[in-house]
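Have a look at these structures, which come just after this line.
Here come two complexes built around subunit A, the first alongside subunit B, the second alongside subunit C.
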Partner chain A sequence: MIDVTSSAPVATIEPKGQRLRFYGIWVIAAIALVVLPLVFSSGGSLTSFSLIGIAIIFALSYNILLGQTGLLSFGHAVHYGIGGFFAIHLMNAVAARGWPIPLPFVPLVGGIGGLLLAIVIGWVMTKRAGTVFAMISLGIGELVASSSLILRSVFGGESGITTDRTALPHVFGWSFGPQIQIYYLIAFWLMISAIAMYALTRTPLGRICNAVRDNPERVEFIGYDPHVVRYIAYGFAGFFAGVAGGLSAINFEIANSAYLGAAQSGIVLFATFIGGTAYFFGPILGAILVTYLQLGLTDVTTVWQLYFGIIFIGIVMFAPGGMAGILMMHRPLVRAGTLGMIIPSYLVALIPTLALACGVILVIETIARYTQGEGSGAIINLLGIPFNATSPLTWFAAAILTIGGFFVARLSWRRIAEAWDRATTVARDRGYLA
Partner chain B sequence: MLELIVISTINGVLFGMLLFLLSSGLTVIFSMMGVLNFAHASFYMLGAFFGFQLTRWIGFWPALVLAPLLVGAIGMAVERYGLRNTHKHGHVAELLLTFGLAFAIEEIVSMVWGKGPMDYRVPALLDFPAFTIFSTNYPAYKIFMLAVSVAIFVALLVTLKRTRVGLIVQAALTHPSMVAHLGHNVGRVFMLVFGVGAALAGVAGVIAGPALVTQSDMATLLGPILFVVVVFGGLGSLSGAFIASLFIGLVQTFAVALNGSLASAFGPLDPSFGPSVITDIWNVTISQIAPILPYVLLVLILIVRPMGLMGSRET
Partner chain C sequence: MTAAIEINAVEKRFGNVRIIHDLNLSVAQGERHAIIGPNGAGKSTTFNLVSGHIAPTSGEIKLNGNVISGLRPFEINRHGLSRSFQVTNVFARMTVWENIRCAVLWATGHRYAFWKNVDNLPVVRRRTTEILEDIHLAHRRDVPAGLLTYAEQRELEIGITIAGGANVIMLDEPTAGMSRAETERAVALIRRLTEGRTLVIVEHDMGVVFGLADRISVLVYGRIIASGTPEEIRGDAKVREAYLGEEAH
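So, the complex of A and B:
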């Protein structure tokens, strides 16, 4: 389920081409990371890329728990935060004492911080999986987050602890002051962490993690302790979350208690689940989308978090495989050449679905402008069309788009389901779908 | 000192009963559907905000009836159109759905009512001191809250243990397919129980709104404590939830009232190391650690007794 490459029937026929394609993807990813800042070189896009890189490491580390081991954690940000504080304190110590530790090694120390915390709290947490683990992770997350406000000397209270990343020893003449150098540092760690985490899924440990997720009882019968397996997986997840936290501390030159909080844990859960937990590249997609939306929507609307919630609920209810799951559903159809059979119904469904989405956005924005008073202005700009939030015409349009769009869209979704059935039947006949 | 103990005990029992109004619904829903409802504290918040809004429009007493009914209806809709469709994807998906709902409800509430605290006042009829104890006037409204909580507790107990409806609900908890074979609509039973649980949370919100702060972050503040109560009492155990609610209510109330710290208790032994972790711990007062006490209790109970106080199975 998890790996993309070995499930394909062609793997046994031409392993060499398969392997070439596999390594090709990683090489292309590495080249893309190097080339990206050359194409989009503005300061804003560099900052965005850096944030996205950190979010990807964090989301991938979260997927070691949720996707690989089946552990739903509501407190993963504690490792991210502790990693950040380890990194900050190390950087300040290096600057003060003149230790010969250059900046690129700092995220490793962040990772060790996350790992240490995971070793301490993980044993109690991973005793049980499922709902109980989720509740305990929430409780322990709150415990660590609230304790960080009490232990002021370590966590700096509400204002946090700051540092200066350029005060560390320079390497290769890089001072790590400019954002471009930080971007390459993050890209470097992203590549290493992604390869390491992918490799982890292919080891016997990664496989036994999947087994613990799917059938812990049977794992016990073949002689493994699911508790120990979950504990080890938790340690790995904590380590990589700490790396992400350390990078974040370097990027912002500050660590505060918000790093550890429930909001941060919620965002990583959203990113991972929206992207899709069943495939390795799912959290990557999710982290890119969520970070992009976070950065982009905040300028456009005041209620951007509500859209997050709605997208998340929609994914949970209608596409629990996430974006990656939706994409991979089409793979056998592409192979069998029957994708063309469903594209027309997709195109038909696009219009009413978009109308429905526009209607919902209009409703939300109208309410938001209405309740938040004059400050935010009454004009809603949707697809280039200005709507006046105070005019009944807008309310009417919103109602028509939402209600009408919903009923028409539902009809067109049914057509998709029918076309889907036809396409998969043909694909099955051609032998591309089990 | 005696004054502190008496007042804190009354307040603690009050807070505990409030917690029980919420945790009872949560724990019944859990034992029925196997899903911990993350949005339960959000129903409590909706109850408070509906109560506030309806109090403005039609007065407190109609609001006390109407707001929980509204919240219950929302709860039923969530079960019917959300959870029932998500059930096939497993418990984690259901938990995530309620998590997303909690997030969305908080955003909607802060969008509609803003992020600031509401001016939700105690109704004039109950705005007088009930009795004076050690020179402290104890407000009648708090006595009213206590009375409502106890009345609902008794009503719930009688319904569950003594009526035919309660019998069917109890049977549906353990043997849903058998109950269905006997001709009862188990789906509807689930929906009603979810609705009643949400309505109870709504009642708690309406009556707690004026006494505590009605604000859009009240669900986020109370939610985790609620889960601690449910896990502490033992998942799915109603009596466990009752004991845990009272216990945690008392612990938190006493902790907030106490002002001692290690420094004040062992003053002469001050380590005075300068700013370090030890001085942080040395100087922290009990009231400052009150917010983390429930989580400490959670960790302790999980180490000592993983099934919770009254849990029948290991959680």
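So, the complex of A and C:
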């Protein structure tokens, strides 16, 4: 046995300042959630904020699997969907029978729905990680999605099941009819879920999840069954996905088969990966960006999925750490005070890179409009400048921007790399980089 | 006193190939026992059999008197046996501190707890700190294990192995690939950390083996051909012929 009474110095406890800063972040987040709708009070932004809040919970729940435990799931939406259907059926039952359950509790029941499904399917799924888990998750996803079209009484077939959220008992005079009240309900559950999921990473289980992600074989030799670790993690992921699904059911007052489908599973994988799986806040960034793009791009272009694909490929190839990874790369430079050494190279690179991006967008839109015929309109509005998709001048401009932009941008990217080398060398000398 | 490890008539086949024939070995409590033998003799397989990485085809293995053959590695670990790996096998993306702490958690009874703050467990913190000091990696505590030097990773590997407080420690070639100075350091570390515990070690460096072991077993083609004190092994004609012959001088 190890002598635990020896007088080795006990590791210093985190300084108070650090702890204050940590709680400060959560308090600021809570205040931001309260104030946000007062600043942006239009109906459109309220709807967007609500959707983003739901997407954040969903993406964070997905990262319990992908980022924390190393499980790549292609069917996470089944828990989201089941949570949604649990919520819908509960709401309809409450309205019909007059049970005294107010709306704010409904997402909890959604979570329980997601958890129950995870308990049922999780044990078999988590027996193995890696490709086996990914394939089973894909299969389960398809299975549940297709059965949702068969079991009409439960899932309502293609049209889904609708509800009326205002028919539930009111609390504090809130009917939960207006979107602002729904926004606050979502914000409340977002805070609770985010804190709970963060806290989970700071528990013995959360740490062992990371160990299972890094090296499941070794975990077996320090007393843990990686299967049990993955199963418990899967349960938590299912629960919080169910909460997100329940909120979605409340928000839209409907649950249908689209909630459970492969597209929904794809979007959450996409958001989590783009945001970055290595940091807790990564999926939050990803969910904000992806939801925003989803809402914004669909109005502007018919080929918005193509842009999603390009962004995804770009992140996978050039920044596998996602947005959070890119941000956190700079932290040692900020600490060492050498961030200033790379900012100029960023600014220099900005112009040709933007030109390249505009060129690519113009090429994509020109081809899209041209092949879709005159019906969708031939005028492309880019940065306020109208381009005619049928005009050779537009093609010429697109080619110049793309090709010229690429060559100039490549030079400027090289300068960024050089500036990085210099900045990290200095940071290393100052002891801020390993 | 019951033997720490007792291997009775264990056989292991992979398909038609018999790797281990009729293996019999007994390691007494508190003994430092080295297993030597030429490449391919089955040393690592023996380790894998005892630690539960693979199950024996037939025969029985006992740990402190309890039958452990056929159990899963984590069950054997909970019975008080811990092993290291020949190829460094750490949690690469986690820091040195986290690596050791994970290895302490089960033994301190925190298991799959998801209702406790891991930073707020004084016993875990103290034990982790002590082990970090013991393996001389306290100054590297916040470095991801994947970024350590090779020798440091080997030390971390030993640290993870002993962190759970198991009373039987198995080290698979702990000094492989180390320089002479690093080897000396590692041997001193092993000697100190396994004080009062049972140690089973596989090693190719005869200097390490004869310097460290109380008893030595020689494994050739999946069979123990001799078992005894370093002097007995040095004097054994069969061993000299089969194995030490080429390497002793």
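The working rule: the second predicted complex is superposed on the first by the 420 of 434 C-alpha atoms of A that agree within 3 Å, B and C clash if a C-alpha of one lies under 4 Å from a C-alpha of the other, contacts with A are read in each partner's own complex, and residues count from 1 in each chain.
Just so it is clear, contacts are C-beta pairs under 8 Å (C-beta built on N, C-alpha and C of every residue); 3 or more make two chains touch, one makes a residue touch a chain.
Values in this document were obtained by computation on a predicted structure and should not be read as measured data.
Chemist: Contact-wise, after the overlay, does A:229 reach subunit B, subunit C, both or neither (first, second, both, neither)?
Modeler: A:229: touches subunit C, not subunit B.
Chemist: After the superposition on A, what does A:320 contact: first (subunit B), second (subunit C), both or neither?
Modeler: In the superposition, A:320 contacts subunit B only.
Chemist: Could you tell me if A:218 is touching subunit B, subunit C, both of them or neither one (first, second, both, neither)?
Modeler: After superposing on A, A:218 lies in contact with subunit C but is clear of subunit B.
Chemist: Per the contact definition in the header, classify A:30: touching subunit B only (first), subunit C only (second), both, or neither.
Modeler: The answer is neither, since A:30 touches no partner chain.
Chemist: Tell me which partner A:207 touches in the superposition: subunit B (first), subunit C (second), both or neither.
Modeler: After superposition on chain A, A:207 lies in contact with subunit C alone.
Chemist: Check the residue A:143 against both partner chains and state whether it touches subunit B (first), subunit C (second), both, or neither.
Modeler: First partner only.
Chemist: With both complexes overlaid on chain A, does A:360 touch subunit B (first), subunit C (second), both or neither?
Modeler: neither
Chemist: Give the list of subunit A residues in touch with subunit C in this complex.
Modeler: 1-4, 6, 8-11, 14, 199-200, 202-208, 210-211, 213-215, 217-225, 228-229, 232, 236, 278, 434
Chemist: Touching residues of subunit B toward subunit A in the complex: what are they?
Modeler: Answer in residue numbers: 34-36, 82, 85-86, 89, 91-93, 95-97, 99-101, 103-104, 107-108, 111-114, 220, 224, 227-228, 230-231, 235, 275-277, 279-281, 284, 288-289, 291-292, 294-296, 298-299, 302-303, 306, 314-315.
Chemist: Mind pulling up the subunit C residues that touch subunit A in the complex?
Modeler: 51-52, 72-74, 77-78, 82-83, 85, 89-94, 98, 101-103, 105-107, 110-119, 121-123, 125-131, 133, 141, 143-144, 147, 160-165, 167
Chemist: Where on subunit A does subunit B make contact in their complex?
Modeler: By the definition above, subunit A touches subunit B via 70, 72, 74, 124, 127-128, 130-132, 134-136, 138-140, 142-143, 146-147, 150-154, 262, 266, 269, 273, 303, 305-306, 308-310, 312-313, 316-317, 320, 364, 367-368, 371-372.
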